[in-house]
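Order as written gives the chain letters A, B, C and D; numbering starts at 1 within each chain.
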């Protein structure tokens, strides 16, 4: 059986990435695409790189007949997403790629996103979509909230270490380098080629980045006590990829062993040999996450470096992985594409 | 039946691209990989982006037992390729990606490549590998010579126009813009990031580029008279992609119609609506070639613009398309991957 | 005596480039900066790279007292520029960087820019600002119209050849490669890093680019008959630089000699040895223009390649060169900065 | 009086940057340029961007008559530098840009650079060239050792904080992002455009980077006790620029105030307002260093971010600043060039 798929918000990068990946997924078929401001256009007019595909026209959300949809990906901006999802059928399987249903406590949402949540009753139902750590809940879930792309990278580096108690919870520094597609297709001066290429800067430094809401929620839950990490993201002149450099206090060999053991069964999470350093180039365009661990010359300190593609494993690839679970399809279906290099 | 594949010269970009593509090809399996100077290494040590694949170790060519190989891709440098291929079994199906067997006349080879051909007897056997125009010969061939990547782009823009006699054969200007992966993984100063990024220059200008040998051979053959085009390649600060801007004298609408009609049945050659302009971004990582035609304000002149990915449709993708034909596999097998954007 | 300078439209790239260059100009001092929507801000808030300079605040045009200004650079968008300049004192020396006063015939302006000219009386007064060819008029002028950046590159390649009658006027093809800063700091989707980097495409192809108005005007004037060239610009993933590849019919050696002789006395126009190919990297950030000439293998055909920095020699550097003439300052003052590489 | 300058090792990036800067320095004149393997070539053949300058030919070191040289910049690779300098006249003023004379203790040199020092007697004479902190010694010095570019960035962020005792010396994490020109013009696979662009990775992680030798030496000296920081450099797809993100424990406001006070008199070190985040784009091509400080949400933690251009303030600009002091020229002479943007 082929699952019938709708994608809401298909005119953004995560929407286009969903289309790209589903195009080679044997068990999914796109039956509806929405993009409010571009309704009426063909997808190839918005994204000419998808010209070779036979796709439905872009429509407004309200024009979609969801009775013929098995699962809906929602790739809308946050705040918009919760309003739209609140109007969708209550039995429709949904994978939301926005930030709207990631934070369990509505007060946390309001704190980090600056406005009260408009669909609190749905929030209760939502499952946090970090696949490898919420498989059972996702399989049984109706509404799955995709994680932040930075949040995914940081959690892959840290969750097993916090669970196993092998690092100092009060001294975690996450210095993150992100490609620009994570900021979406929005028209902002600092995203112009002339402004961005050839240089770098940090942003949302000092504990202001919204993905800290996810880190706080998840790490504190695992640890059974409040955990607050330091987190400084930097914008790099590259389109895809996140590299998370995480400074921890703990025995480096034990840190490596803990991660390697935890991820041994995982198809997409690859822990490199001790001392090897990953590169974003080696996962670009794919659903893989590479993780390296190295010891510092100062005993008792280690550096964990995780790389993933923000549009794939950090967003649309993760969404499909979750959708596969929700639909009873093999988890890796449509996601075994190799990275592209150079 | 799964075809058993060997790749000689697997440590270069076209070798790695073959591996990437074959990894999702249902009817091919890699059984041998050679790389003389890196023999003994694992492929993921040379190309960490292939870490997720289960691949044979790199060996020297002489270590391969070709009796268990159904088809061999030869991704070696020119000159080396002819020597190696001369030593391979005479009944082995071979797709050569080098320049060694592209020129039918050994004198042409010597003229453009500066040394006599060392395997002239094999040259007679070789089929020129521009798939869409040599399908029958390729299907029946044993040794297929992949085209130059620039040569492919230029020919897709021009062949049907020359065949149909709709352009002036004495006034063809091909101004080409090429990404840097076409130059391979060689250590040259002008290929360094610090030298290449942020600027552009032309090279081999004035009729010196070796792919002119292919243009001369093919266009003259089609026209039944000598045809010499002007060809100026430029190196651009991008990794993948060729954009060929071709200035022709002829009726623009007729030029468009001729190309659109010729390529209507082709799965990978897409002629855009009249006046639409293609972008290399829309075919990166894929086997597609987009072609646009626009009329100039000067009556009787037209511009044809063709884009393709030099590593895929211009080289390794083409090679697999040809191998599919040679092996009796569906021509598009393993090649329907979407481009990647952004 | 230090000339007191005002810059209108200081929040764009050409405005900022003017400030950068004037900062090391001994005989100019900036006394006023305007930017309507950013009035009230400090220049370093709009362009942090100018933080080290002591500059006047950004104000609205109407707040400037022009009686204390010796020369005004107008770096406003076209259409806006003519309106603003019409309101300025009629004895104020002005160098306009917009397209508004480049075309002598108001009908041409309307044809290429789609609206009637709003300051026709000023148009009559305007001098075309291609310094090397209009020195006397510029020296005596009050209102000088800076050329288009692409128009400058093309004219440097071609003017002496047309004057000398050494090329076929009916077969000139200009294939141009431009960096993205030429498009300004405007928020357009295709100027985003994620859209632009890593690829290329042509735009305004087929005789639609507005700089053709300048080519037509100037080349026809020199030739004494209508001259229409073919012109296809391409947008490249680089910030600064234009490379103009010009295909001409004529004797290549004579073409080279004509250019070399014409430009021998020019401080900024450097003709390379016959056969040498210029690179945009070698003039980035400077007021230099490098020109190469090479013969084709087809006798009687030559390729002229000119490179310049669109923001410097193509715009703000040219503007200062013209202002130097208008103010009786040494022509090269403030413009002898070396390019920056890598 | 104009100082007569020799540059040894003029065919590398720091050599070319010295030439670029000295070209607009009123009190220096280049009288000799060496480049062993390229001896006999003109500088513009090695670096065409310097074509407009009238420069001496490249020669071998031994061909230079140092009796007519006032100061010699040595831009040779480490290890080579000490051998060459040992053969130069003992009264010649020298600014060495290599790593050879940075570490006071020869044992440290051997530890970090893997071979015994070949000119130990000269080492005793060498002054560490971080201008702002060694002005008097540099002024009086004969042999000044330029700092590592990463070492400069890190020290600008940290020295005043260590001196003032406002941060915890046992918890300093320096996460550094570096452009590729810092690696020089060497032919290495990972420096190719195709390998480097579009991605990032860390290198020399875990306490292996040689600039740690400088950090250890300098910070321990200031603190009067051993100080060992954690240092992880990352290579970014950009040509110029270093961004050092430094995580410290201390009161953020006090950290900011300490840096702002310390650097208030410095012409090139600019401390941004509290909370402002610097960008490498804002200092590219210039001798400026911008420093930002921000508090973390965790009380008692701060992030200091310093940016500088590795080729200018991190290397050749610093060298000229030091040479100015040694020659009795104004310290800022030739160094007030604005950054270039975009």
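In this section, contacts are C-beta pairs under 8 Å (C-beta built on N, C-alpha and C of every residue); 3 or more make two chains touch, one makes a residue touch a chain.
All values derive from a computational prediction rather than experimental measurement.
Following the contact convention of this document, A, D is the list of chains adjacent to both chain B and chain C. Remark: among chain pairs A-D and C-D, A-D carries the greater number of C-beta contacts.
Distance from the chain C centre to the chain D centre is 36 Å, each centre being the mean of its Cα atoms. With centres set at the average Cα position, the gap from chain A to chain C is 45 Å. Chain D has its Cα centroid 39 Å from the Cα centroid of chain A.
Residue positions of chain A with contacts to 2 or more other chains are 13, 181, 194-195, 197-198, 237, 239-240, 278-279, 281, 284, 342.
If you check the complex, the residues on chain D that touch chain B are 13, 180-181, 185, 187-189, 191-198, 237, 239. Contact residues on chain C toward chain B in their complex (touch as defined above): 171, 173, 175, 177, 194-195, 197-203, 205-208, 212, 228, 230, 232, 234, 236-241, 243, 245, 247, 275, 277-281, 284, 294-298, 301, 303, 305, 307, 342. Residues of chain B touching chain A in their complex: 13, 16, 20, 23-24, 47-53, 181, 197-198, 239-240, 270, 278-279, 281-286, 288, 290, 336-342.
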